[in-house]
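Two complexes come next, and they have one chain in common, subunit A, joined by subunit B in the first and subunit C in the second.
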Partner chain A sequence: MIQLQNVEFGYDKNRKLFNGVNLQLEPGHMYGLLGRNGAGKTTLLKIMTGLLFPQSGDAFIDGEPAYKRTAQQMSDVYFLQEEIYVPHLKIKQFEDAFAPFYPNFSHEQFTEYLREMEMDNMLGFIDKFSHGQKKKVMIAFALATNVPLLIMDEPTNGLDIPTKSIFRKIMAAYADEQKTVLISTHQVRDLHSLIDAVSIIDNGRMILNTSGDVITDKLVFDTNDEKTKEGKLYYSEETPRGIQQVKENVNHIDTPLDLELLFNAAVLNKQEFTEMFK
Partner chain B sequence: MDFKSTQTIYRQIENWVFEQILSGAWKPGERAKSVRELAVAFEVNPNTVMRSYEHLQNQEIITNKRGIGFFVNEDAPEKIHAIRKKEFMEEEVPEFLKNMRLLGIDFSEIVNSE
Partner chain C sequence: MNINNIIKLVKAYFYENWRNDLIYSFGIMAALSLIMTIVSGSPLLTEIKLAAIVFMVYYPCRVFSKLHQPSSRIHYLMTPATNAEKVVTGMFLTNIYFVAGIVLSVLIGQILGYGIVNMYNPDAFALYEIHNLGEFLEMQIPIHGDGVLMFFAGISIMFFAAIYFKKSPFWKLLLAGFIISLVFGAIMAGTEWLNVLLAVPAEIRNGGYYKVEHNIVTSSNWFPYVAYSVVIVYFYAMSFLRMRETEA
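Let's look at the complex of A and B:
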């Protein structure tokens, strides 16, 4: 489990990026971390994984401070960064060098994922591959580690269209009750069917961090409809399909969670949403 | 499956299961596809499929046999028929009637167009 308590952090002495961020990630969910450019999503991931230290407050992995970076903690977490570093190694050499750090690493899964992404016949050095190909190798490796805490920063960036679909299939098979997955992304359309919990960060604070079910219990997402006339309007926008809106769910109707609308509504109604999803 | 944005994914999966049973692709007494299989096929979170399956269980369409998996109930096709009919009468018919009124269509026109 990952936990952040009152985390404060800033790269600049006079300007804090985070003023008291609290976050708890529970196993069995795939969290989508959403935030504007520069909101500090990547920084937050680095703090969670013990790569950066909070200036005050605490980050915990498995109940122990993340900065300790014990062998146990490190073998429980895999952080797939957006800007990937690949050494001058062939796929097989990469596996031999890095797989031993992860006790649940599966060679069979790694081979299978590479095959699904059509990377199984790539014999050259990984650092000579295209950006998308490097990404495929790293995704296959990250998922084959079978770590309880998988953190991915923009995993679908650079993937071609067929691979995005394969990625979703692999992720659907990866999810189980023991695993926690956190995906930071702007590409919500690529991943909305997989994400079942949402964390939104804005202006140095978490606005919400909760499951999709809780969100759709409290809010309705739809075009202007007879059934949703009542309730407070939080956000609306004109689209060719009509007015898309986010409203208070007064009549307990089930509507599909729209991550883009939710995000826009959340940043507009920070105070209220923070209260609502406490 | 290409999900519509107007209905929750779990309801769309539920309707897909209804179709499988009504068309005979899934037969009464037989084992239903596992949560994981459907999650992978539809590229959705397994929790979403689980939610559909739980709802299908509550409607007595499928039964969870502990440790073995989900099975299609013997009377599932009849149950689905009843559910579908109720939905049709409560949701589609009023919408249909509303459009008829809006467009000034008379029932005789509908009957003759068949």
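Let's look at the complex of A and C:
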């Protein structure tokens, strides 16, 4: 589907943002792309979709170089930007204008997603809507395209709390074995129940890119009154509820993946995590 | 190249822009030519035609306005069609749709103006030896092959500039316009020079009446056509290559 091989890129020739990034996205997963501010998450998404060209290395969509941006490649990918573009059109006109580009677009699903996000009765021009409303329309459209790869950059930014819940519900139902979703976000708590594979980028390198099962097989995420001594401790954080920690899973306990703790642990233990999840 | 994708791109363009085109381009040109015909009582309206040409040459900037903002650029580049299909769609919109639209608007405005003036003063256009609508129309479109090619060459250069420049395209297009004038001036001067130097025998050239007296095939018959055609092909090829290399 998407493959990055030794990608190097920088906006400034002397300062590389990525230094040999490798990544492969497999169908049927919902990936979370995590990174600090300025780590280059959006840039990486643009490289994946052929919107930016790597200085060295290769990016592929469907086995073909992404820079080609063929019609087939572009109809297999939908990129929902953080700063969305909305033309001066009504919802129905927008659908009529752009849905024909996506062979699997479903009008029924679009209507249903709009209804779920309480946007089905909006009659005005989309560019006159509030930021959150625009985002809802674009999310509904993106989901209704039914593309094999849906890339979302900070999709929950600007959404109100009820809509975030609806979004999670819709996304949970959206996932299937044929579709891949890549969500780049800071707001991991909005999405942690959805994501089943994680990619973490830091200092120009991909620290890990693997499924949640592999992560929870190797790491334990728990909250205790005191730091446990069993297994290597990678990260701990005192909270009112106790000490949250990430440690080595020596007893093969199955704990739910906590993206925030995982991210903090990965950033603190880059080398070890890179080796562990190779 | 898939014709269906081109149709979809054109359709998407119309959905987004038909209102603006109708009001701000075609509507304004039609209204201006209507008013000018009534006020001046002249069928020629040189100013309107000049404005229409400037408008048409500027138009590629509007067709590719999506490339001038980061979020709309991503939306445009991610639209499922090849770069070649996007360039061809742009060529259709700038060279056919918009040119036809402007020409029609100006003509409609003038015909309406002619009708109105004629209603009150049937002799208003007698000075120009126009006695009916047919003669009026005939006078509107004096087509010269090289002039038309020069106009389309101008569009092709603006087309490239509209894809090439991401920021402040308007000012850069003005600069491009200045450069075009220089280039075309040089082409015209070159045509004359070639005409005189290569094609016209010295004795006729020295006589100073060669264009009138001798029906000879001079370089001016073909040189502008070749020059403008080369310019057109070159800039559309460059536009395609630039589109292919356009990043978000």
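Methods note: the second predicted complex is superposed on the first by the 272 of 278 C-alpha atoms of A that agree within 3 Å, B and C clash if a C-alpha of one lies under 4 Å from a C-alpha of the other, contacts with A are read in each partner's own complex, and residues count from 1 in each chain.
What we mean here is this: a contact is a pair of C-beta atoms (placed from the backbone, for glycine too) under 8 Å apart; a residue touches a chain by one contact, two chains touch by 3 or more.
Just so we're clear, the structure is a prediction, and the values are computed from it rather than from any experiment.
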Fit or clash for subunit B plus subunit C once both are placed on subunit A? fit
According to the contact criterion defined above, which of subunit B and subunit C contacts more residues of subunit A? C
Output check: A:Lys128 vs subunit B and subunit C. Expected answer is one of first, second, both, neither. What do you get? neither
Considering only touches as defined above, state whether A:Arg115 meets subunit B (first), subunit C (second), both or neither. neither
Touch test for A:Lys229: subunit B only (first), subunit C only (second), both, or neither? neither
Quick check for you: in the superposed arrangement, does A:Ile84 touch first (subunit B), second (subunit C), both or neither? second
Considering only touches as defined above, state whether A:Asp196 meets subunit B (first), subunit C (second), both or neither. first
Going by the contact rule set out at the top, does A:Thr70 touch subunit B (first), subunit C (second), both, or neither? second
In the superposed arrangement the C-alpha centres of subunit B and subunit C open, at the centre of subunit A, an angle in degrees to the nearest 10 of 150
Superposed arrangement (fit on chain A Cα atoms) - minimum subunit B/subunit C Cα distance in Å: 27
For the subunit B and subunit A complex, residues of the former touching the latter: 3, 5-9, 11, 36, 39-48, 51
Subunit A partner, complex, touching residues on subunit C are 2, 5, 8, 11-12, 15-16, 19, 66, 69-72, 74-75, 77-83, 85, 245, 247-248
Which residues, counting only subunit A, touch subunit C once they are in their complex? 46, 49, 51-53, 69-72, 74-75, 77-79, 81, 83-85, 87-89, 93-94, 96-98, 100-102
Going by the contact rule set out above, which residues of subunit A touch subunit B in the complex? 28-30, 165, 168-169, 172-173, 175-176, 193-196, 213, 216, 222-223, 254-258
